[in-house]
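See structure below.
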Amino acid sequence: MLESLLFIIMSLITIACAIGVVFQKNPIYSAVFLIQTMVSLAVLYVLLHAQFVAAVQVMVYAGAIMVIFVFVIMLLNLNKNDMEDGKTKMPMQKPAAIILGLVLVVMIGVVMTRTIYQGAQGEYTPEVMDQIGNTQLVGKMLFTKYVLPFEIASILLFAAIVGAIILAKKQIIKEEK
Amino acid sequence: MLNQFGITFLDLIGFVILFPLAGTIINGFLGKRLSKSIVGYVGCAAIGLSFIVALFVLLDLLKLSPEHRVFEKEYFTWIGSGAFRAIAGLQVDPLSVVMILVVTGVGFLIHVYSIGYMHEDKSFYRYFTYLNLFTFSMLILVLANNFLLMFIGWEGVGLCSYLLIGFWFEKKSASAAGMKAFIVNRVGDFGFILAILLIFVTFGTIDFTEVFHAAPEHLQIGSIVAATITLLLFVGAVGKSAQIPLYTWLPDAMEGPTPVSALIHAATMVTAGVYMVVRCNVLYTLSPFTMTVVAVIGGATALFAASIGLVQNDIKRVLAYSTVSQIGYMFLACGLGGFITGVFHLVTHAFFKALLFLGSGSVIHGLGGEQDMRKMGALKKYMPITYITFFIGTLAIAGIPPFAGFFSKDEILLEAYTKGSLFFWGLGAIAALLTAFYMFRLLFMTFHGKSKMTKRVEEHVHESPNSILFPLIVLAVLSVLGGFLGFPTLSVINEFLAPVIGAGHHGLAHGGESHHVSSNLMFSMMGISTGIAIVGIVVAYVMYISRPELPGVIAKRFKGIYNIILNKYFVDEIYDATFVKPTLRASNILWKVVDVKIIDGFVNAVGRLTVLKSEVLRLFQTGLVRNYAFSIMLGGIIIIICSILFL
Amino acid sequence: MNCDCPILTIVTFLPLFGAIFLLFIKGEEQEKIKRIALAVAIIDFIISLPLFILFKSDTSEFQFVQSVPWIKEFGISYHVGIDGISLFLFLLTSFLSLICILASWNIKDRIKEYMIAMLVLQTGMLGVFISLDLFLFYMFWELMLIPMYLIIGVWGGPRRIYATIKFFVYTMAGSVLMLVAILFLYFMHYNETGEYTFDLLKIYNLDIPLGAQFWLFLAFFFAFAIKVPMFPFHTWLPDAHVEAPTAGSVILAGVLLKMGTYGFVRFSLPLFPYASHQFVPLITWLAVAGIIYGALVAMVQEDLKKLVAYSSVSHLGFVILGIFVFNIQGMEGGILQMINHGLSTGALFLIVGMLYERRHTRLIADYGGVTKKMPILAIFFMVMTLSSIGLPGLNGFVGEFLVLLGTFKSNVLIAVIATTGVILSACYMLWMFQRVMFNKITNPENSKLKDINRRELALLLPITILIFWIGIYPKPLLSRMDASVNHLLTQVDEKYKTTLSRLGKNEDVLLASESKREDYKTSEVRISESSQNPVKRLIKLWK
Amino acid sequence: MEVPLTWYLVLSGILFSIGAVGVLINRNALVIFMCIELMLNAVNLAFVTFSRQQNSMDGQIFVFFIMTVAAAEAVVGLAIIIALFRNKATINVDDINIMKW
């Protein structure tokens, strides 16, 4: 019962914050709402017995990634007026998008409720997981079954870092010319 | 008949054509660097040597019995494809020997004449190159042993004619006349080619001997195939020999140098059609219908061209129309079955017409290029030798005994009377009358009466140099004596040529020539034709010597007719309006409407349609990222909907 | 003949290697680049000459064959060889390529890229004529399109972009259809024999159902008809010719157009004998229409190059006619006419190019009296004109006559109409010649003209010699074609007859097809045997 | 009472849709980025839910990889936005349409 209550509260917060992300005029508010969304999601992860994911969600996502966002927003020093000048080129976009979004929700709802998910049940029931420990299991999986994708992910991150540096630095060559 | 080398001159027949070819090559490649006299010598020597070889060939041929006077020499397979074989080979028989003698003989004289006549010209070597090339082609034409090889010569002489008419290419009228000649000839060649095709399809060969041998067995007299073949061949002959309706190129061809007119457009090339008809006499006799057509066209042309000749004022044009008319005579003879008579007239005509042309050339040369007879007159005293020779030529063409033209023309008229009908005889007789009239009109206007020359011209009018006079004299002699070849009782030429006619032992209704004609009739016909000629001469004398005002009066009274004739019946204009202009207009329409508008329009329309479609489609490419995202989402939703509905 | 040294391969790929070699040379060294390109072309031509001598004329087999598996999985092999049909086109290509490189001596702009394009083009063209593998063929077919596109598009005249796109899209449209047909054949061969192969000789043996033949023939027909170009697919040609640089025009007229006609002989006829026979009325009438139409339109052109281009349409009509009359004279005439057209029209384009280099105009009206200033050029021009007209004794006549003979045997009416083309060709060529070369010099610009130099003489002289040679003694060429052409025709004929007998057509039709064959001697002419309305035939086929 | 797992999935769908709408209606490139993160989070939720449903760990592992990719994407994307801002002085996506010619 408590779980259901928690789910309802958290999901409502999540949805509200998500809407806030979308409709806030000021990007910094959007960022704050997004952080809140992520944190609420982390709670839901815990409800789903994914404690490690929840922790990572809070630390990496809400913490690290969103900090970059906020940092960039600050760096660019944007304010409300920057985005408001000039009329939108697509006046019909907003209502159309919202209708489309509603349709999408309905569709996903229909799909979710109609379809019966079946498949072989895995060995990691909540009980097993509680016994061994979620974190331990994740670690085991990452270094056994998923070791190759894991390493590739590191390369991806490295490439992203290099790419970001190249892209973001001042174009010295151009200025020299 | 073998000489000490073990070969006959017949084997050396190749040299007859080789010498002119050598002349062409030497003059063509080296002529620019050689001096004019050497070029001239080379040119003349080539033809002279060829003439000598031809003479020996004739002698060798005479040693054979008349039935065996056919000699073929094959050199190599020219075209061979499947069953089709065209072999490059030469055929010597009495007919071709007569022709090569005329071609090389008259040709030699004209070459000599040209040395004097063309001496001032800058492109002297080019002229001799062309002239030698012409002789070469003409010899191939007459010596060929099959239709296709003959066609090489046929087109080759056409080419040389084109080149020589347009020799002074800077003159617009000259180059246009050359082109006209070639194209009109091509119209005739169209028929010739088709005839060759039909002959091959019919007989499976194009070799003269084989075709003529097979023809009587393969084809019925009067069969459609025979008629088609002969008519098509005749179309070729009409083009080359300037008969109605393709004669218009010949008068224009007078733009070329005068010796060229004499050689190509009077003595040799234009008679190629006659030669061809005679060569194919076996085929022609199989088709009485074609024979009638040939006779009618020949007779009509004889009369028609003569009538135009009456009023022309350009000395060379008169001669040109007279050539057309005389060739008409030859066809008339052939059409009535008198092939030998046709050849006989061809030979005599070659003599006297070459003489007349060369004479007129001498006049033109002497007057510094003047061709209008109204600006001549009284040249008798300035150019006595030219006058005498020209007079002989005129008598010959008018048909006064005992000159060459008399015998041949008389035989044609006799032929017309005995084998044809009064109608053909009438055609010939009127044409003869007109011929005598306009030739003497020409003579009187040019050499007699008062001088109408301008002062400047009169001052330096002179008799021509020896190289010009020598050929005139020789030809004059030939014009006098040539007729005796066919003198009724001797009839050398008849006997000599007889084997050619109807080779293949085909029963010939027409082949026997005039032997069976009673001598009474013959002599009375001679009298009549002489009388006709004299009437013509007298009328000419009255009109141009004793009462010079008369022509003007007559012209005024019959103004309409006079104008029509003076403008050559407006035939050129009619052709222009009915063939040339519509073709050009149609071509323009084809190009500017069909090609550019319809076909290209369609192609471009396809292109434009693609662009148009793209124009519509590119509206979706707004360049706005959010639009694209919207599309992606829309697409995703559609896919979901589909999967819900259909899966 | 199985020669140990792969002579065809060497000749074909030598230019490509030359092109690669040129890549390593700096673009500024123009002289060096030109010399190297020329040297490659000369060597290539010299190596190709032994083909003519070593060629055995008594066999219809493919000679100098080389067959190496290339992509085994898909049944693609490097299978090359020549027979009497392709031999001369192959030689013509290596010859004209040499001429073209020499003719491009005065190009200043991007000479390196130009020569590379030329050499690659040469490889493509040579490859087309020797390929006995459909995939290989298609690859070369497209390979040669690209350099040609560049040559017109980069070194062309003012409207080059329009012309080059038109050329490219036209040709592509056709060849894409052909690709589909090739793939169809490929899978059909698999279905029938269980073997994946593009090998032409194996596909020859396929027995293609009639309905499929019809569509496949059409697909090939469009590719080839556009390339030829047959009326009414010809409108890319004048534009492309007018805009192309001289050498481009020469190659275009001399070789590229022949690919279409060659394709008909090599692919359409033996692969789809029944459909080919069914299409004869349509194609022959189109060919005749092309002859007359090209000639008439050429007559009123104001631009020299356009005139020659339209004359090509007319001439190639003869070639098509010769191919589609199904007898030996027609076919040999057609093949010979391909070579003749390559020589004489190529030379005409060279001459126009020479005039253009001096005067920078192609309008006929701007010329007049050129003979006075350029007598040597005038001689060559005259020879080429006459060759193009088909004067007996020059090459054009032999081909034209054989085509007419072949046509006459199968359809008199068409032969008669085609023969009028002979008159018309004289009209437009001589009229053009008169306006350009004769008359007085009216334009003062023309009085400064210089006669041709040694390089230009070296271009025209060999062509002239060949023109005379083929005109006077064509036997070495014809005898080499004989066996192959005979074999081809017999093959087509047999297949056609088996199809007919399977269809249960009555004896009359068989006899009619018999009579078309060689070695018959009838005394009467068979006037245009049952020339059914082509439209009716089409409708019948569709049903 | 356990919460039915379908609810999680529906929540995931709603979040995804909100994110998608956000991408469509926002003009600020940064906010669009955030919306994309939102959509990724929705997907993560779905993965974890499925992982729970199937009693498997794979879904959770996938979430890690998605986070990695999201981090990389955010870093590079933000760098692009900075570069863009430096050149065009705007991060309004409607003003950046030079790709269309």
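In order of appearance the chains are A, B, C and D, and numbering begins at 1 in each one.
We take it that contacts are C-beta pairs under 8 Å (C-beta built on N, C-alpha and C of every residue); 3 or more make two chains touch, one makes a residue touch a chain.
None of these values were measured; they are calculated from a predicted model.
When the C-beta contacts at B-C and at B-D are tallied, the pair with the greater total is B-C.
For the pair chain C and chain D, the distance between C-alpha centroids works out to 62 Å. Per-chain Cα centroids separate chain B from chain C by 37 Å.
If each chain is reduced to the centroid of its CA atoms, chain A and chain C end up 67 Å from each other. As a whole-number value, the distance joining the C-alpha centres of chain B and chain D reads 95 Å.
Shown for chain D are the residues that touch two or more other chains, namely 20, 24-25, 27, 94.
Shown for chain B are the residues in touch with two or more other chains, namely 624, 626, 630, 633. You'll find the chains touch as A-B, A-D, B-C, B-D. Taken together, the chain A residues at the contact with chain B in this complex read 89-90, 93, 96-97, 100, 103-104, 107-108, 110-111, 114.
Residues of chain C touching chain B in their complex: 166, 169-170, 232, 234-236, 293, 296-297, 299-301, 327-329, 332-333, 369, 371-372, 386, 391-393, 397-398, 401-402, 404-405, 408-409, 415-416, 419-420, 422-423, 426-427, 430-431, 434, 437-440, 472-475, 478-479, 482, 486, 518-519, 521, 523-525. Residue ranges of chain A in contact with chain D, taken from their complex: 1, 3-4, 7, 11, 14-15, 18-19, 21-22, 24, 27, 30-31, 34, 37-38, 41, 44-45, 47-50, 52-53, 56-57, 60-61, 64-65, 68-69, 72-73, 75-76, 78, 82-83, 86, 88-90, 93-94, 96-98, 100-102, 104-105, 108-109, 112-113, 117, 119-126, 128, 134, 137-138, 141-142, 145-146, 149, 153, 156-157, 159-161, 163-168, 170. On the chain D side of its complex with chain A, the touching residues are 1-3, 6-11, 13-22, 24-28, 30-31, 33-35, 37-38, 41, 44-45, 48-58, 60-61, 63-65, 67-76, 78-83, 85-86, 90-92, 94.
Residues 20, 23-25, 27, 93-94, 96-100 of chain D are the ones that touch chain B when the two sit in their complex.
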